[in-house]
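Each in structure tokens, the structures are laid out below.
Same chain, two partners: chain A is paired with chain B first, then with chain C.
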Partner chain A sequence: MSNIIREHLLELFSKDFRLDGRKFDQYRDIKVEYGISSRSAEGSARVKIGNTEVLAGVKLELGEPYSDNPDEGTIMVNVELLPLSNPEFESGPPGIEAVELSRVVDRAIREGKALNFKKLCITPKEQMWIVLIDIYPVNDAGNLFDAAALAALAALKDAKFPKIEDGKISYRESTGQKLPLEKLPLSCTVYKIGNYFLVDPVSEEELIVDARLTVGVLEDGTLCSLQKGGDFGLNPEEVDQMVDVAVKKTKELRKVL
Partner chain B sequence: MSKLLVQEKEIVVPGQDLAEGMDYLPGEDVIRDKDKLVSTKLGIVGLSGRLVRIVPLNGPYVPKRGDLVIGKIVGVGIGGWRVNIGWPFEANLSVKDATSDFIEKGSDLSKYFNYGDYIIVEIVNVASSKIIDLSMKGPGLRKLGSGRLITIPATKVPRVIGKQGSMISLVKDYTGCKISVGQNGIIWLKGDEPKKELLAIKAINKIENESHISGLTDRMKEFLEREKNGL
Partner chain C sequence: MVYEKRLDGRKFDELRPVEANVGVVKRAAGSAMFKIGKTIAIAAVYGPRELYPQVFQNPTNGVLRCNYNMMAFSGSGDRVRPGPSRRSKEISLVMEKALLPVVDLSGYAGTVVDVFVELVQTDAGTRCAGICAAAMALADAGIPMKDLVSSVAVGRVGGKIVLDLSKEEEDYEGHATDIATAFSTRMGQVTLLQMDGEVSREELKKALELAKSGCEKIKEIQVKALKAKYVGDLNE
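== the complex of A and B ==
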């Protein structure tokens, strides 16, 4: 990343100003749409944070429970970084960014115990529901982490079980029964640039980030996941500060769901 | 008998016949197919005498000799630099075209321009799509300092600059920002106040979006006057 933009941004930050005029802890406008593709997916959602746009779909499949958890269902999160969303993304097998993004989304939902896995099991040791969450960024204008987590949760909220006929899923018919969504873990990613903490960066800001911390938070403020990224380290005080910001901001994010 | 099939400022699509007969000549983005002139781009027809040309509505930047462009250093070699100018192939800037300083053989060129630096350069030669030579000898050609970069489609650059630079001076006058526009659609700008920078960007985006509607200069003047009072 270029030094001239970094220099300029730090100069702006010192005047208490973001690249697009926002405050450090201010998100862009967030819009959530549910059921954008109800014919092809059991649940779907579109999330827009400013110009960043992410689609998420939930598909349900039947499978045999894993032998270590014979009475539980499971989830799988997949992120494909489409080349159309950012010129830096290439088609082909998922790169490190896509893998990290999908795992961060997966971790918040799994460890936040968002879905009751026991209720996803139909017959122990024989049949369970596999919840596939597919996330596609349509436009990457920064902060895919929070947008993807929000989209995944919105799609889960929208999803309904299809009917099972003779041991097979009849995708055309919905039972109208919602998934056993018991908790709503949301992620907020706090970025550190120089000595400044900020949320929801635009692409230019994202390129010069020193460190970032994605924090998964439940409704009552309990933390359920953490992911640190970026080249620089964080000391314990900084982590504390970042977590505080994340807890505060996820409360706001919850209102758009 | 030659006949023109379109009117000036009409929007045409690729493959559309523009004129019949040999009296009309193909200009930019127009080709001759037997006795017809055919458009190759989506754009607006421009007529100047017998010449029929198209001003494309959108499209990538195609390097031309004499263009001033903003490029990013992506490679430092022993005899010069590789520069990304928004074209699929990197352009060359050799040491002798970059500076008139004496540089000893084998010295580290990254002292002058390093990876990620932005420079404003002139294209001096386009030998083929892969061989583009740049020069930094000329007024205003330099390494850019701290500032922000925005990108617009290269086809909109003439409107952003305006006739003899009238449009860009208008924006500079009202916002007090330093602005450099490259023909490749990369714009560097820096203002003394962040709010003025945002206004300049807003103005440039407005020019970009409304470039095909006539009376733009007057509307821009009005817009900048109104917005400036709000600051």
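== the complex of A and C ==
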């Protein structure tokens, strides 16, 4: 089955076409909506990239700082590949795909120093904020990597600290104070199919990907995270070309947040 | 204290604002969003598709399988731990039983129809919102049905029988009675009935009448949302 799709798509690509008529480096329309679960979550957002839709929510909890970083708070990122969003996804504990996706989103935020972890510490060695970011695809029509990363950042942008009363969080009362979000490390995943590089694949294109590279990029063009996936290798020139595409595209993505 | 006026100013027989939408999950065979007050449920239906492992197959009927889940950020307090809990398993079960009486899967032996319900935001009445969304999603998927199922909670708050309790009402003076119901209004049948708290038999009768009239109003909104999708399709 995927051989037939592969032949068909490669023939299209050779004529400079994609399945839905886009250019190789063109994203589908991106929409970001904030506060979609504002009653429950401290921050939330919906990201739509074409028909792909992802929800993200931020909950805040209090905890004791880790002994190796006693003056810092922390984050946790979790993606659940809901069977609601794709007929191939199954119920049950997270599979390896969900784990990889969670960790790739986590890495860009953590290593790109999106949040100032020092400012998430309330009292060194005693109390810190834990920022819990949960991400759920509602409709998987391709490119969950970029949609999930974007949704996580959008939810962080939307999030506000709740009040603390007697050492406990009073979730119903917001302080109105935003999280210390100091940088926006945007992620772009570049996919290789045959000799073609493309961004934002639809599900059919994802089926036949040879390799992919997710690149986290800061505003000044510094790279802050990388993850190569797929069954085939890439040579250094290809990596360079893919990074080049990612740097260009993240400049565009920056405008939607 | 006598409950003279509802905390959010509604009449005793008034629903919270309701919004419904069909076709919200493009990859699914059928899907719907149902919002009542601040509670938001999304349902998606996949199938009929072959059911594995085979031991779960029913040789004469398709199997209806519901799964209820709260998104981790959708609770009113701490983060909800992902994965099934005793509560979510029980709700999945009663949702299934609430929908079964209207669904006819006799033509689909050996298959399963999966209904996935996700709560995006919660503020009382999540199982009822889930059932409303699920019924619409099943209809959207073209599953043979005798009727829709509409669902709402009723209860006793400060001695008054009220429709569609809010979270504040559930918590009112620490002892409100909460009755989750679902109706097939066309068949005149109750398909979900769960109660936490105390009522007299007279009050239960009154509560069920109120629930039925609430479900009739909800059904109108469900039907309107379904029609909106398909009339829209015709016009395209």
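To be clear about the criterion, the second predicted complex is superposed on the first by the 256 of 257 C-alpha atoms of A that agree within 3 Å, B and C clash if a C-alpha of one lies under 4 Å from a C-alpha of the other, contacts with A are read in each partner's own complex, and residues count from 1 in each chain.
One rule holds for everything that comes next: a contact is a pair of C-beta atoms (placed from the backbone, for glycine too) under 8 Å apart; a residue touches a chain by one contact, two chains touch by 3 or more.
Keep in mind that this is a model prediction, so the values were computed, not measured.
Novice: On the A-aligned overlay, A:164 touches which partner chain: chain B = first, chain C = second, or both, or neither?
Specialist: So A:164 meets neither chain B nor chain C here.
Novice: For A:204, decide between first (touching chain B), second (touching chain C), both and neither.
Specialist: In the superposition, A:204 touches chain B alone.
Novice: Compare chain B and chain C by how many residues of chain A each one touches, and report the one with more.
Specialist: If we count touched residues of chain A for both partners, the winner is C.
Novice: Please work out whether A:136 is in contact with chain B alone, chain C alone, both, or neither, and reply first, second, both or neither.
Specialist: So A:136 only meets chain C here.
Novice: Could you look at A:243 and tell me whether it touches chain B, chain C, both or neither (first, second, both, neither)?
Specialist: Neither: A:243 stays clear of chain B and chain C.
Novice: In the overlaid three-chain picture, which partner chain does A:86 touch, first (chain B) or second (chain C), both, or neither?
Specialist: second
Novice: Looking at A:55, would you say it contacts chain B, chain C, both, or neither? Reply first, second, both or neither.
Specialist: Only chain C; A:55 stays clear of chain B.
Novice: Can you list the residues of chain A that touch chain B in one structure and chain C in the other?
Specialist: In the superposed arrangement, which is not itself an observed complex, chain A uses no residue for both chain B and chain C.
Novice: Quick check: in the complex, which residue numbers of chain A touch chain C?
Specialist: 36-41, 44, 51, 53, 55, 57-59, 61, 78, 80, 82-87, 91, 93-94, 132, 134, 136, 138-141, 169, 171-172
Novice: Which of the residues in chain A end up touching chain B in this complex?
Specialist: Spelled out, the residues of chain A in touch with chain B are 1-5, 7-9, 11-12, 15, 17, 19-21, 204.
Novice: For chain B, which residues count as touching chain A in their complex?
Specialist: For chain B paired with chain A, touching residues are 72, 114, 116-118, 144-149, 190, 194-195, 198.
Novice: Give the list of chain C residues in touch with chain A in this complex.
Specialist: Residues 24-28, 38, 40, 42-44, 46, 49, 67, 69, 71-79, 82-83, 114, 116-118, 120-123 of chain C touch chain A in their complex.
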